[in-house]
Amino acid sequence: MEKFQQLLLDSGLANLTPGQLLMMIVGLVLIYLAIAKRFEPLLLLPIGFGTLLVNIPGAQMGGDEGLLHYISEVGIHTGVFPLLIFMGVGAMTDFGPMLANPKTLLLGAAAQFGIFGTIIGATWMTSMGWVDFSLQDAAAIGIIGGADGPTSIFVASRLAPDLLGAIAVAAYSYMALVPIIQPPIMKLLTTEAERKIKMEQLRVVTKREKIVFPLVVLFLVAMFLPSAAPLLGMFCLGNLMKESTVVDRLSDTAQNALMNIVTIMLGLAVGSKMSAEAFLNFETMGILALGLSAFCVGTAAGILMAKLMNLFIKIPINPLIGSAGVSAVPMAARVSNKVGLEANNQNFLLMHAMGPNVAGVIGSAVAAGVMLSYFG
Amino acid sequence: MEKFQQLLLDSGLANLTPGQLLMMIVGLVLIYLAIAKRFEPLLLLPIGFGTLLVNIPGAQMGGDEGLLHYISEVGIHTGVFPLLIFMGVGAMTDFGPMLANPKTLLLGAAAQFGIFGTIIGATWMTSMGWVDFSLQDAAAIGIIGGADGPTSIFVASRLAPDLLGAIAVAAYSYMALVPIIQPPIMKLLTTEAERKIKMEQLRVVTKREKIVFPLVVLFLVAMFLPSAAPLLGMFCLGNLMKESTVVDRLSDTAQNALMNIVTIMLGLAVGSKMSAEAFLNFETMGILALGLSAFCVGTAAGILMAKLMNLFIKIPINPLIGSAGVSAVPMAARVSNKVGLEANNQNFLLMHAMGPNVAGVIGSAVAAGVMLSYFG
Amino acid sequence: MEKFQQLLLDSGLANLTPGQLLMMIVGLVLIYLAIAKRFEPLLLLPIGFGTLLVNIPGAQMGGDEGLLHYISEVGIHTGVFPLLIFMGVGAMTDFGPMLANPKTLLLGAAAQFGIFGTIIGATWMTSMGWVDFSLQDAAAIGIIGGADGPTSIFVASRLAPDLLGAIAVAAYSYMALVPIIQPPIMKLLTTEAERKIKMEQLRVVTKREKIVFPLVVLFLVAMFLPSAAPLLGMFCLGNLMKESTVVDRLSDTAQNALMNIVTIMLGLAVGSKMSAEAFLNFETMGILALGLSAFCVGTAAGILMAKLMNLFIKIPINPLIGSAGVSAVPMAARVSNKVGLEANNQNFLLMHAMGPNVAGVIGSAVAAGVMLSYFG
Amino acid sequence: MSELMRDSLDLMVMGMGTVFVFLALLVLATTAMSQIIRRMPGTNELENAQTAAKRTNNNDLTEVAAVAAAVSKVHKG
Amino acid sequence: MSELMRDSLDLMVMGMGTVFVFLALLVLATTAMSQIIRRMPGTNELENAQTAAKRTNNNDLTEVAAVAAAVSKVHKG
Amino acid sequence: MSELMRDSLDLMVMGMGTVFVFLALLVLATTAMSQIIRRMPGTNELENAQTAAKRTNNNDLTEVAAVAAAVSKVHKG
């Protein structure tokens, strides 16, 4: 009967640490948000479930021979999973609205100020002695402001693997909260008249432009910022597969079967980083606060950039589309549209906001490249 | 021309051992059963084909640089393949009928007596000197009585890797034979009157109950039996993805593309364990005999448990649904329904039998957890 | 600001070698051919894109920790990717026309003369001092004449990994060029009267024959040429899954989701072998020239074999179907049909040409087996 | 009785015991869960909430359709 | 003639020989297989057997449908 | 100001600078690309070319259909 005693000694009740209990609650909260509030459920549900699994005392699912450990080693340590997801995102992205109005790319650039402003914030927090973030940590936290899950995970896995769980959770949570975070800032920084600005119809973009564009992006990356090549390369591959229309079956698989498989795995692997030691500390509070500020600053910077551009161009752009530059595709563009409609119920900004929206994906991948090069 | 001589010396005819020939016949028999008799073809066809491939003399497909060896190392040695399949099974399982009548969970518990009774049988065989099974071997063989392929493979890969081929083949073969094995036992242990018992309509189960249930199971696992966490964790993840309805694309992939890919690989990998040395011996005979008895004992235990429960509850349950507790989803539930209809052609037991049927999946995963903890 | 200097020093412009620039142009040409000319886009688009990625200076995507390196190690070094694709091809192949007229298998045999003739050519080129091909290299180059991408990649990965990029590109390019390469040769070697030969209707092939055939092939492989077992084994598994109709969901996944995933990865991995050092040399010129001659010789041999067979059999066969023996399924069979229709607009050869066409797949896999055994 | 037999009997007792205790606990937990959930406000309206959620998604599409309509109007007009 | 050339000629002879012998054997084996199978009883009825198998599956569904019908009857009745 | 703060300011300047320069270059490159492509002959007919390509595929199917038709004629005739 000593074996039975062993069974009791091995049971969760006998071994549960308060930290594990708290983390299981965190996992349940993530699952609740995913299901009841529809916060990015594709990622937050597997992340939340992975958090539960990895904190089961004694199950060792994140241990050396545990499933979550294997998945994490294969997919996150190598960077393979976020890159494959980025390929799928590329295959789902339509650059048409951006090609019809390329200057909206600059809005996607401005919104990245959220990323770099946050780095300053993180180092300031450290200098105040509240937390202890290295510059690498600060950079990985800042990228939350890119509002791009795979980019955040890729950068965090390279610069601050210990913070990966908190960073991924913050990134996806705030992406889900975009409809709540952005509108007040948008209204604060624009006048009623600005919000009513009607934008002229976008021109039709030819198929050839859409096919050549990902190659142009890749060419610029190759020439000026090779450290962004993994992220933007896979993104452009996905987009080229889609737009070329000659490999539809590959493009379809990249968007569906492959992306879904990798999403489940990535979620579990991120969840496996959610151990009590890594998550339950002041640093996590700091990450959540900084992530939120990154979204706010990025939103503001995008809008202010639009207002700045209006000083120099003849046909004005509606500054509301600037906030879409943070990416969080397509949520942020929908928010622009919605706030625009509130000001003028004939003012459809969705297509115009898609330009800065997808530009923001490129923008934060470029920012990621700068960081990877800086610390490389 | 010495190279040509070499080619002839390398040919299969020149190197074929009687054992390999016999194993190729075993492989052909499995393929025949899969195709002509429709014995669990999804697994037995790839297992049979893998058996052919690994026994081709000189092809070295199971050797250190062979395809089947790679697949087996990646998927079976790590336990990843059975766990991913279990996630897919979870995403296909409807706990509704069980939630409408939770006491049928006890039928799923009773049927696991097939597992543990078989362990006694295996050690008795050893004590008679007929075979040489360790207690680990006996436990891995017993789990055949769980009537759950992935659970059997997962436990065998941990406790008795040498017996994995025979155990998997026995498990899937007997699952296919459930419609032949069970009815005589069911009729023997029940009276005509018992078989005619009509069961009242199941209540409607709300969506919320279905969503929370997998989390309840996971909570109990975490508190009382962490060693069952890999199996039941992945099962509950699949079920939660299905019932939450917020990640339908992930649930769909877990049930289809991912599950199919892993099934092909798992079948080949199991086949690669079917070498002559591992399969052609008295132990295999013992495994086949014990596996059959496990099914029979489990069937009987389920039915007797139902009769026992009828002594204590007001509204009696039809004991025919007890046999479905061995799992073999949904075959065993169909058998209950069919035998019930033979007794009373208005007696539809299918939905009632689905309760113990899915309970049996949980039951054998719990039994697996006990064993993994016992030897862990 | 020294970090900024570093960024500039790391930029592609500062590090681009002429070789990398040329290889990026090669990549663009492949992408152009894939998209604008529809040259086997499923492979050539990912290969071309992989070529771009691996030649981005400083991005290190093919380096020790680069995505393309990981994919290549997992999928090409092990041989797993071409074998999985071959399984998918098997699941897409209909042996019906061949089973209705088995003697067309001999046309598939004759066309493999392109493979072995090319080996002679390669060693002759070496003996002239133009290039430096070992016998292994020559064999890997010859297999281009098999007109089967996965077979070429599998053999090259084993015998001449350094030449893999050039060999794969040549194989897929010439497969795409079959409608241009073959017709002149076909017309040169046949008379108008021969091209007008009408072939009698093929008999209906029973389902049982189709199911048993892959097992017959596997049996002959096991007995006489085990070194061909990986390729033909996986091919037969795919075909058995299809024809048995009992595992349709597995067969469907093997043809679609799994095959598409592996195709993207395989293309990228092949692209990662397209470094300047490996591709920009006289050897590549030699490979391209030899690959073309392999296709021409194979085409001619198939047609001449048909004419030879006509000397011995009563009902003559149209020699135009002989050229389909090189495989390049189903392109070469369509070419036979088209040239036949030009001679006689009621002469539908498509189904008759499918026989030698699929026989050519078996033929070149057998040739591959001989080579692997020779150097094994 | 051999050591092995005794161990296997031990394992059986412990195993069946655990299985029964675990599943009995699950019966209790499940029953409690169902009781709680069915008394919670909103459970019956849940399906409707789901439908509403879907309607929201439809609204999103309606939104897109409205944009598309407006766009094509401008183009043709 | 160089060693390399001789080896490559060897390889060609051996390779084409093997390819022809193998595929010729396959012609024989395939022809034999077809002869045997077409003379086997039941081959012609095979398609029907398949259809029957599908019908069995349909029966299973019919079974489920019957249950469902009975269930909804009870519910409403 | 600490070393860390100075480094982070450096990183911000360098980062935002690179992002703006890169995306500004992309604006230029994209505009140039669009200009070139829209002036290229054949761009407008491209969609038609695509349609033609699809038609070619259809032709292939037509071809198969024709064969099938011929085949079934022979069978029945």
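Letters A, B, C, D, E and F mark the chains as written, and numbering starts fresh at 1 in each.
Note that in this section a contact is a pair of C-beta atoms (placed from the backbone, for glycine too) under 8 Å apart; a residue touches a chain by one contact, two chains touch by 3 or more.
Keep in mind that this is a model prediction, so the values were computed, not measured.
*Asks:* What are the chains that chain B and chain E both touch?
*Replies:* Chains touching both chain B and chain E: C.
*Asks:* In terms of touching chains, how many steps apart are chain C and chain D, taking the shortest path?
*Replies:* Minimal hop count between chain C and chain D: 2.
*Asks:* Averaging each chain's C-alpha atoms to get its centre, pick out the one most distant from chain F.
*Replies:* B
*Asks:* Counting C-beta pairs in contact, which comes out ahead: A-F or A-D?
*Replies:* Greater number of contacting C-beta pairs: A-F.
*Asks:* Among the chains, which is located farthest from chain E on the basis of C-alpha centroids?
*Replies:* Of all chains, A has its centre farthest from that of chain E.
*Asks:* Using mean CA coordinates as chain centres, what's the gap between chain C and chain E in Å?
*Replies:* Once rounded, the distance between the two centres reads 25 Å.
*Asks:* Just the number, please: Cα centre separation of chain C and chain F in whole Å.
*Replies:* Distance between chain centres, rounded to whole Å: 27 Å.
*Asks:* CA centre of chain D versus CA centre of chain E: separation in Å?
*Replies:* Chain D and chain E have C-alpha centres separated by 41 Å.
*Asks:* Going by the contact rule already set, what residues in chain C reach two or more other chains?
*Replies:* Those would be 3, 7, 38, 224-225, 257, 370, 374.
*Asks:* Using the touch definition from the top, which residues of chain F touch two or more other chains?
*Replies:* 11, 14, 18
*Asks:* Go through the chains and record each pair that touches.
*Replies:* Every pair of chains meeting the touch criterion: A-B, A-C, A-D, A-F, B-C, B-D, B-E, C-E, C-F.
*Asks:* Considering the complex alone, what residue numbers of chain B touch chain D?
*Replies:* By the definition above, chain B touches chain D via 99, 102-103, 105-106, 108-110, 112-113, 115-117, 119-120, 122-124, 126-127, 135, 138-139, 205-209, 212-213, 216-217, 219-220, 224-225, 245, 359, 362-363, 366-367, 369-371, 374.
*Asks:* Name, in rising order, each residue of chain B that touches chain A in their complex.
*Replies:* For chain B paired with chain A, touching residues are 78-80, 83, 87, 211, 215, 218, 221-227, 229-230, 233-234, 237, 240-241, 244, 246-247, 249-250, 252-254, 257-258, 370, 373-374, 376.
*Asks:* Sort out for me which residues of chain D touch chain B in the complex.
*Replies:* So the residues of chain D touching chain B come out as 2, 4-5, 7-9, 11-12, 14-16, 18-27, 29-31, 33-34, 37-38, 40, 43-44, 46-47, 50.
*Asks:* Can you list the residues on chain C that touch chain F in the complex?
*Replies:* 1, 3-4, 7, 38, 201, 334, 337, 346, 348, 350-351
*Asks:* Can you name the residues of chain A that touch chain B in the complex?
*Replies:* Contacts found on chain A: 3, 6-7, 10-13, 15-16, 24, 28, 31, 34-35, 38, 41-42, 45-46, 49, 52-53, 56-59, 61, 65-67, 70, 256-257, 260-261, 263-264, 268.
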